[in-house]
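Every chain is named by a letter (A, B, C and D) in the order it is written, and numbering of its residues begins at 1.
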Amino acid sequence: MSFIPGLGLAKGMALTLRRFFEPKVTIRYPEEAADVSPKFRGRLQLLYDEWGTLKCETCFQCAQACPIECIDMGGTDTKGRYHVHWGAPETYGERRDESALRRSGRPVPDEAYRHFEPIDLAAVDAILAKHDFDPKEMLGILGDVQEAYGHLPVAALKRISSSTGAWYATLYGTASSYRHLRFDPPVTAVAVCRCTGCLMSGAGRIQEALERSLGSRLGLAPARGQIRLEQLPGHIPGAPSPLVTVAGEPQSVTPAAVEKWAAGLAKRAAGRPQA
Amino acid sequence: MDRALRRRLEARFGDRLTGPVRQRHDETEIRVGPGDVPDTLRTLHDDPSFRFEFLSDLCGVDTGLVMQVVYHLWSETTTDWLRVIADGLSRDDPRVPSITSLWKGAEWMEREAYDMFGITFEGNRDLRRIYMPPDYTSFPLRKDFFLADDAARSPGAGVRHQEQTHTPRNAPPGRAIRVAKEA
Amino acid sequence: MTTVSRAWSRLTLPGKLIFTLIPLLAALTVGLLVALLLIGPFVWTFLTDNLPLVRFVIAATAVLLMSIPTAFIIIYMEMKIIAQMNLRIGPDRVGPYGSLLSVVHGLKVLVKEDFTPTGADTPVFTLAPVVVYLGAVMSLMVIPFAPGLFGQDFNIGLLYFFAVGGLSVVGLMMAGWSSYNKYSLLGGLRSAAQVISYEIPLTLSVVGLLMLAGTMSLNTIVLNQSGSILDWYIFRQPLGFLIFFIAATAEANRTPFDLTEADSEIVAGFATEYSGMRFGFFFFAEYVGVFIVSAMTVTLFLGGWNAPFDWPWPITVNPDPGSLGILLLILIGVVPVLSTLAFAAPFWLLRSNMPGWQALIIGFVISNLVAVAAVLGWAFISFDWVVGLLWFMLKTYAFVFTFVWMRGTLPRVRIDQLMGFAWKWLLPASLLNLFVTAGALIVLNR
Amino acid sequence: MTTSHEGPRLRQQSQDDPRVMLDIDAGAFEPVPPYPPRTEREAEFYTLGDGEMFLNMGPQHPSTHGVLRIVLKLNGEQVVDLDPVLGYLHRGVEKISENSDYHHIVNQLDPLEYVSALFNEWAYVMAGEKLLDLQVPRRAEYIRVLSSELLRISSHCLFMGWFALDLGGLTPVLWSFIERDEIVEMLGALTGARMLFNYFRFGGVNGDLNHEFMSRLGSWMSRAASHVEANTGLLNENEIFVRRSRGLGVVDRETALRMCMTGPNLRATGVPFDVRRAHPYSVYPELDFDIPTRSEGDSLARYLLRVDEIRQSLRIIDQCLHQMPDGPVMAKIPRKITPRPGRAYAAVESPRGQYAIYMMSDGTDQPFRLRIHDPSFLHLQSVGLLMPGNLVADTMAVMASLDPVMGGVDK
């Protein structure tokens, strides 16, 4: 503080007046953007490969590593089959199907929900109570549930996750990494259509290939562990030709690739892991 | 670590210490009973051979078996942090004398310990909740705390809670809680 | 389907408009003429009989109308200047260089909800902004903007200014008391204490000036300062000027004396509970007040509309269009065309690639600009009120800039420091100024 | 004893339905708790003497630093007593940390004291390294010192701006934000984030110095000192500023020690206590810098002391750049951290004082107890000691001079 009263004020005024004429530092945002350093991790984004498919393998490692649980994954896994989601058990799936589905009385047109059909969960609850809701006995719980249902329904997995507090991701990882656990019922029958269109587009060759690889004849009862081969009563309208259905689901099978597909089918019959 | 400090402490408080003087890195740890806390800290503060003038930290700890109140002190006579642990407070009714007469600044830290652990500091004239709302009933940092019960107790009872702890719902309190393993 | 209706249906929209408007206008004109013939003389005699009343009404309307744009200009100045001093850019989106942002603010204030808090004393709460705003606007009445350009020339103009300026405190008090809010109450009381204690040095600081001028009529005071720059009262009353400036800053509630709306202390002072256009009234009143104190400082100490120096080349052009007679019509008809061609020619000749019609358009625009400039220049050198207004506004807005500049620089004083400064420093200083002036007058007259 | 609602009854027409006449209890506007007092202190505070009134500041007051609520007991404009009410920003990080992995906690701690987040991480990783007996590479230590001293400068710049703003000056806060933005940008180039870095790790730092950071730092260092001097030139000699802040909120040495104050607020009372020297950690013993102290203990002293600390930090950064050794920036640590059971206490000198972490491990991969000790907490507590006798106008000025960050106060 100076001895002359008001000198400090005058200095300050002079300084502001000098700054009045100095160049400004503001960045006019929409026209010019600030330079962002290459290391800046402002936004997470999923990458696509050169064929435009998502590189994310739904392995949930990022979601498990996220400290503040901000990563919330949902949808079908990379093979487009199972509804998987990660999140604190009650924050994602339940919220969606309880509020969204209930509020709009119709099913939400979401790919993630096609394979998520509600089942009777009494058995799951009994198993959980038996294991005392202890996430450390997860393997036993999963094994019992598979015995009860023949496979692991997504609804059961979610109930397990929400009542034991274990992450759905860890459940999914466990179930998919153990060979004796499977997500879908074992295939029992394959049906081939023998209508004219299908025969003309190679249904015969497919039938031969299937008989060769599955070892069971069309129309005959299969041996134990084998897959029954059936004939469709008629062509499903709108379905491609040649038409092969598994549990009523039309499969896209070409005569060229039928061998490989049949091999995978045989594996599935044995109940091998799919994820 | 400061061996001389250890010897001085043992010589001064030998009879009071409820455990051996532990030393690791630059920390010296002594344990006293809850009743001895004010005398011990006053001695450490006033005694010219100690002169622990700074109360660096005061916090409560729930070991799962007992409650503890941990004081950290600093003095220019030593290069160590001195940790004084008031050990063996009962988990049902933890009580310890307040040290606000020594360090007035400990008042809010004691309020926080009360808010989080329910430790009653006798002599603190403002022992209120400091973070949690006044109509809050449970003590969040205790090991037998889990949110389902808390939500049932809180004024927002009936509101569906989002998170769930790993404690089973039907477990009696204090069953599946973590218990500190002392080295 | 008569022919009329068929013809009517054939008409385009402009045609229909024309055919509807022309008869209407004709009827109106006839009616107006008849009305004028009947009652015109009486109206005329009435207006001529009490001319001051008419003048007052017109002046009041004009002042009321000019207050809002003034507030807009000063708000924009504040936003932009403080931004520049903060090394920011400030408003630059709405209008050229964001100059319309304050107008948009005004419109926003108009459309926002006008909310009356629970427990407020509704009539007082509603009335307070009006009082404040009127107090600000009424002060504009006596300010001489230019020779012959002022609302009213009271012989007690200065007294009137002080009285009306002090009136706004009542409004602030009303606002602070009726809001049922402790922040508002504190703000209102602060403003009352502040303004009342600063009225005294403010008034005393000009008494010396009044002794010099010998009148309270602002117009006369300005006329006294005409001549060279040395006749301005700032050179005879420097101390008085300083005191008046500081006290006026406090009177206008400007930084560093803006305790009444100190946002870091009492949220928005008396205006905390106000919203919508009521808050807008407070807002405008503050900035009109800035303009008023600047204008008053200029009027009293800086020679008002007097130019600091005489115009070095006295030009007097008094054209007599009547002497041209019939040539005038030809001139009017020919000159624009000729000038347009003259200005278009260079473009058309030098830049051969430019089509002729573009050159003509450019020439037309340029010739119009030149004509406007010529007319303005002629007005400038032949009507002295234009130059007077120019100088007045120049000085006034220089002071407004100073106020904004201070706001961008200075922190805020505390309330006790404020009062102490008023009573311990400004009041003795103003008394000293008064006595010194009186003694000097006595000595000089002897 | 006016702890219950006692106010005039306001009869007013309802704004929703003009037919309804509301009967409002004016006492409902008073910041008086609706329950009987719980402690003698509360009973004493919420009892009004004659001519006194309550004034509720915050949590929406424009200039409370963060969401803080202060109930003032006024006599006219003079503050008789005040009662800070916390908890509006409480996130329970201590509880969250007990259920999350050691790696995850680092950026749980970032948003606590968001103005100087690196110091939170530093105290945490120091405690963890004590538990794990980790040896940190010297280059990593130097990078820690460098980045955190940069952050100290930015925090002090911010303090200068906010202090001036609470005293009514509009400009300094924006000028100081320019400097802060420079620093924050270069730290963003180094750590990858502008405010919530997540940069320190057990046994080192996340990434080595990169070229962009060094170039930004070099260009800034060349003009930093002159910029800081210019910014201080606006206020340091300003009569209004000096008269307002001198003799405001005076603390003497003993009181400061009894209130457990640390950092600049303590050093402004003449106690040369700085954890960097009093309890040396990292590579500070190798660096040459002073601990500025002042004896007045008022707001002006705190302000000027922080200005001096900015100069010292510039010295430290300069030495770091010259002594920066080569080598790795991370020690070898396992991916899953399970320390031996034990207790560790680590403190660093944050811009606000001694920031400490007390950690207990029970051998699992999650800490058994994580205690976060924040200096702002205690400084905010001492506001209750400094304020009485001052005016309402100075409430926020005293607050700002103590420089609390509510994110750190409410963990």
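Here is the rule we go by: a contact is a pair of C-beta atoms (placed from the backbone, for glycine too) under 8 Å apart; a residue touches a chain by one contact, two chains touch by 3 or more.
Bear in mind that the values here come from a model prediction, so they are computed numbers and not experimental data.
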With centres defined as the mean of Cα atoms, the chain at greatest distance from chain A is chain C
Once you count every C-beta pair in contact for both, which comes out on top, A-D or C-D?
C-D
Could you please state the distance in Å, as a whole number, between where the Cα atoms of chain A are centred and where those of chain D are centred?
44
For chain A paired with chain B, centre-to-centre distance based on mean C-alpha positions, whole Å:
47
Please compute the C-alpha centroid of chain B, do the same for chain C, then give the distance between them in whole Å.
69
Counting only residues that touch at least two other chains, what does the list for chain D look like?
171, 175, 178, 234-235, 238, 240
Out of chain B, which residues touch more than one other chain, so two or more?
165
Can you list the chain C residues in contact with two or more other chains?
85-88, 408-410
Counting only contacts in the complex, chain C reaches chain D at residues 82, 85-88, 116, 118-119, 180, 182-183, 186, 255-256, 258-259, 262-267, 407-417
Which residues, counting only chain D, touch chain A once they are in their complex?
100-101, 103-108, 171, 175, 178, 185, 188-193, 207, 210, 212-213, 230, 233-240, 242
Contact residues on chain C for chain A in the complex?
81, 84-89, 92, 405-406, 408-410
Which residues of chain A touch chain C once you look at their complex with the stated criterion?
9, 12-13, 15-17, 19-20, 22, 24-26, 28
Note: in the complex, chain D contacts chain C through residues 10, 12, 15, 22, 24, 26, 29, 53, 55, 61-63, 77, 164-171, 174-175, 178, 234-235, 238, 240-241, 243-244, 391-397
